[in-house]
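Residue numbering begins at 1 within each chain, and the chains themselves are lettered A, B, C, D and E in the order written.
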């Protein structure tokens, strides 16, 4: 079995008295989609923030491609291939859709300190960016200023930016939220395509999508990992059904 | 025989009252002279050195002024005067008299018609000796003019200075300083705090319950701001080369004419502006400005009736004049000054020998 | 930048070049001084525009770099004239009146100071940043006011204009041309940087700094770099200003100066290439022409500025372009 | 009886770009209507126009017969329109409780009943909204709208990011409200399945126009594919 | 150096702090709570002082003057909000900077136009003149004591208003998202006018009180404005408690710095250079203090991260 790309061990984070992440251990293997589900406020987004370095853990370790990264800054981790999308769209409102995505290319390639000239004229880089714009079905809006996008379009842009980072591991925080039924279907297909390039840690409340995509599912409740298993295991887990899914029948 | 005067002075912002008085005094004299050949162009320097420098360029280059005047503040004068006189123009200072311009930077085309900056402080020091003030506490802002002031005071003072206290320039709360003064055994206070600083100091002094005689240069007790200080100023002694009750013909005429023209009592600055203009007018009567040497000699002769009485120029073109001690009194509803003593007679200045003119 | 904006810029640049030269030719040399002043203050504002317009770093302390550039020029020239060394130990450094050397020193001093101030103040954002930059500038101001060696509050007269090989800098035309050329160079730098990768990241950092970090770009380093460049450009302006006035004073370091530089930028159009030029030109033009109207001209200046803010969104440049677009 | 809400041929613009191209819509008192359409179809824009966050350019919007055109948004809200906006927009620096009371008006909904609906918020009453999880903020946004005790509730993607169980609770609460006949709801949501269970009617938007309207039973799979891509 | 002197200086620092708080209170309300950069706040302070001086000298009553100062500044604030500021809430902060900068010019020179270039006369009312002797033999100005009391009262009132009332909640909600609070049915426009007027009125009150022991002159507001900004930034923007603590810190640092630095340098320097170095450093002290606070706590003492 292949070595995990990302491995977190015993990660703990507290906000004052609240233990948002409580000794979570988890890994992400090449080619897999690992879904992370759990009630609102369980600590899923917090976990993502810890992995990418936006928050500092109180204890525990994060290993990415065989190297400890928990001491590094967020930008450095991003350049090493840890890419995330945000639950609440976080974009550059005054830049165009293309520029938003292009920045992801520029940033992860470490090309920011080019003072004279830019890489937009560089065929390779701009192709990379426009490919992701197309993939997220934003091609028609490529030249639009991001502030003019509708909510769903922003959600798509969010995913496009994460993809443009050419990730070695992709952490997606509710990518299906807001994109509508059609968007969910498109995105489901897209993620299937991408898993070969990069494994995905997928946080989603849309269970149809999760069940359709995930190789493994982990359930987080109150900051603790309560179970990990295959789709059918989780689906039939009584506790999960009651506490999270909320259907007694199916 | 015509003359174009460029006046750069402060007409807007916090320090405008001084500039307005200098201008008004100056224009009054020009008007009284009935000389149609004198043209005055007035510009507002906003109390900014860079603006003043550029206005000087403008007056010289575009307006073709022959003589410049009007600057109130020493730092502006230092910025403007050297370049003006180096371009062969005359500069007559109606107020600022920084030591550099009296000493190593003195110039044959630069005349100061007011005083050298130290003069009034020197007079205060001299007066302290005769008034029996043996242990004064000195207060001035921490900037060059403040240091000059305290040095000037000490130049002729023979007693023991309790403390030379420097405050922040523009400071307006003096509780800490007053507490310190209360805690010493000083027998008097000499302070140089121009503008709003002086008003604040005096008001707070009155509220502090400290009972010591105050002494200072005329600037904080001048007609313009005395009303703002109020009763707190009554009885304070201040030194000045001019007072509205100086008993000479020129002054009596000036005070009356100024009041008639502007509806207020003239200030020290107005008298200086007035004298500056009269000096210029007297020179113009004797020489043409195009003949620089003759004009300079005519200025140097100072053949005009100064509102201060006797007036002549020392070798470095700064006044030789009497300096008085005035006391703040209430005349009817109005606070004003009355001369109570002569502090120094025919005072020249300390920098004559530094000037190699 | 749209073709319209480019046209407008070229128009503005030629106006700034031709009008004063023509005026001087027709015997109004003062306009040269005025135009020189506009050009130099524009450079200072171009510097600020880089930090503020592109990076969103609202520095209320750019007078610090302006003043330091000025004092660098003033002190060097002063020592060259009086023959004393600035530093006697560990090696002897004397003054100079050689303009390029002075510019270099001014730029370096300003850049170094911007680096130090930036290191500390870029930890903060928003209004805190505004105020901490102000705080550092005020410290320098009070230092200059009470430090007697170079004149304190009185300032430091230079008395001569520094020299530039092959030119007579005393000639107002030539000095104007030097300043104008410096302005064009700083605008060129601004423009090139804005369109570079660096410029894109900088603009993005203004809009959403957190997101930039997640794309692999360290925001602090990015901002610090921009801040240093910005300070350096403003420092150059300071050196030129010292030469224009043949005088430097703490006034150059005061918060009013910072405020004025900022007003130029906002008035002209934040982030616009020629915004600072348009802003400085209008402001100085108003200052000059309103003074003739009344002693209380600042009231009218204030009212006019108010009208610009209320009715001309995006500053002068932004408004002109919007109008044309219909 | 006048309809509760009627929109006739409404057009609206963002700056120069048009987002609504003549939208018409009617809602009766007590009705639950779902607004569906692809991303960018104009759902949010329609909702913004109703609560006057965006002025429409032409057409007419009436609430209980009253023309909303000239009203500022706080006036429209006081007529009884409550909004849980897209993207939550909680007051970030206020606590949960302050968020709830900021615009509260008396009526059935008060702090207690809202906290009963979202028990999770109870523990977080004095936490500032900025530190809530995405789902918690979503609950807060709905609760805040309920606290104004509106007669027309606008829920724009109000269940986005909520766990399935919570979503169920909300839908249950909505059906309860609906059965009272007091509250009318205009809904935007992504799950057609869930909408079908509670909405009386569905209005399909495409490029800023209403292209179809009817009950969910009438919404054939072919139409769903054509208009919604599913 | 006696204990009494030190105690008196501490009291002076406290009083200067409270005086600053009077000014900072209005600013923190407008700036922190409404999110508006108001450079013209100093002008409102000046208007308060001028109105007070004008009315006090016309009627002979300081108290009427005080009332006039407060109301004139509040009225000016309301007018400014309605005519100018209202149009700028949705704009960039920078537009607010330019607009309020323009307002400074209008107010300062307008005041000079109306009242002339000379400072005005304003003195504390007779009941507050002179000194009292506090326990321990500290002689202290009555008026300064009155300022301390007024400042504490304002601090308390504001704290309750912003922290504990619905009005405060709504204002703060408006600061987060103006559009949203309006969409929920709150007339945020009128609330903001009120708050702005209140903040302006407080500045006017400060101007009237402080003007009585300082100089009532054009431009008097600008230095105080900068100090008030320093205060609220140290305290953390939008926090009344922060503004209070910031004020006291700045007041103490400034007073004690002016007092102790020369003494300190005097221990190893000759008196005159100790005095001048000491006072030079003292004038930089509050800025050093602010820089230090921000370097260690970028959001100010009482501020929130990200706020």
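Heads up, the rule we're going with is that a contact is a pair of C-beta atoms (placed from the backbone, for glycine too) under 8 Å apart; a residue touches a chain by one contact, two chains touch by 3 or more.
The structure displayed is predicted, hence computed values, not measured ones.
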| item | value |
| --- | --- |
| Minimum number of chain-to-chain contact steps, subunit A to subunit B | 2 |
| For subunit D, the least number of touch steps when starting out from subunit C | 2 |
| Set of chains whose contacts include both subunit E and subunit C | B |
| Between D-E and A-D, the pair with more C-beta contacts | A-D |
| Chain located farthest away, centre of subunit A as origin (C-alpha) | B |
| Furthest chain, CA centroid comparison against subunit C | D |
| Centre-to-centre distance between subunit E and subunit A (centres being mean Cα positions), rounded to whole Å | 48 |
| Rounded Å distance, subunit B centre to subunit E centre (Cα mean) | 34 |
| CA centroid of subunit B to CA centroid of subunit D, Å | 75 |
| Residues of subunit A touching at least two other chains | none |
| Two or more partner chains touched - positions in subunit B | 12-13, 16, 20, 142, 147, 168-169 |
| Touching two or more other chains - residue numbers and ranges from subunit D | none |
| Chain-chain contacts as defined at top | A-C, A-D, B-C, B-E, C-E, D-E |
| Subunit C to subunit A touching residues, read off their complex | 192-193, 195-201, 203-204, 207-208, 210-219, 222, 225 |
| Of all residues in subunit E, those that touch subunit C in their complex | 31, 37, 84, 87-88, 91-95, 97-99, 101-110, 112-113, 226, 229-230, 233, 237, 276, 279-280, 283-284, 287-288, 290-291, 294-295, 298-300, 303 |
| Of all residues in subunit E, those that touch subunit B in their complex | 1-2, 4-5, 8-9, 12-13, 15-16, 19, 108-109, 112, 116-121, 123-124, 129-131, 139, 141-144, 212-220, 223, 255, 258-259, 262, 271-272, 275-276, 279-280, 282-283 |
| In the complex with subunit D, residue positions of subunit E that touch it | 166, 169-170, 172-173, 175-177, 179-189, 304, 306-307 |
| Of all residues in subunit D, those that touch subunit A in their complex | 14, 17, 38-40, 44, 86-88, 120, 131-136, 138-139, 157, 160-169, 190-192, 228-230 |
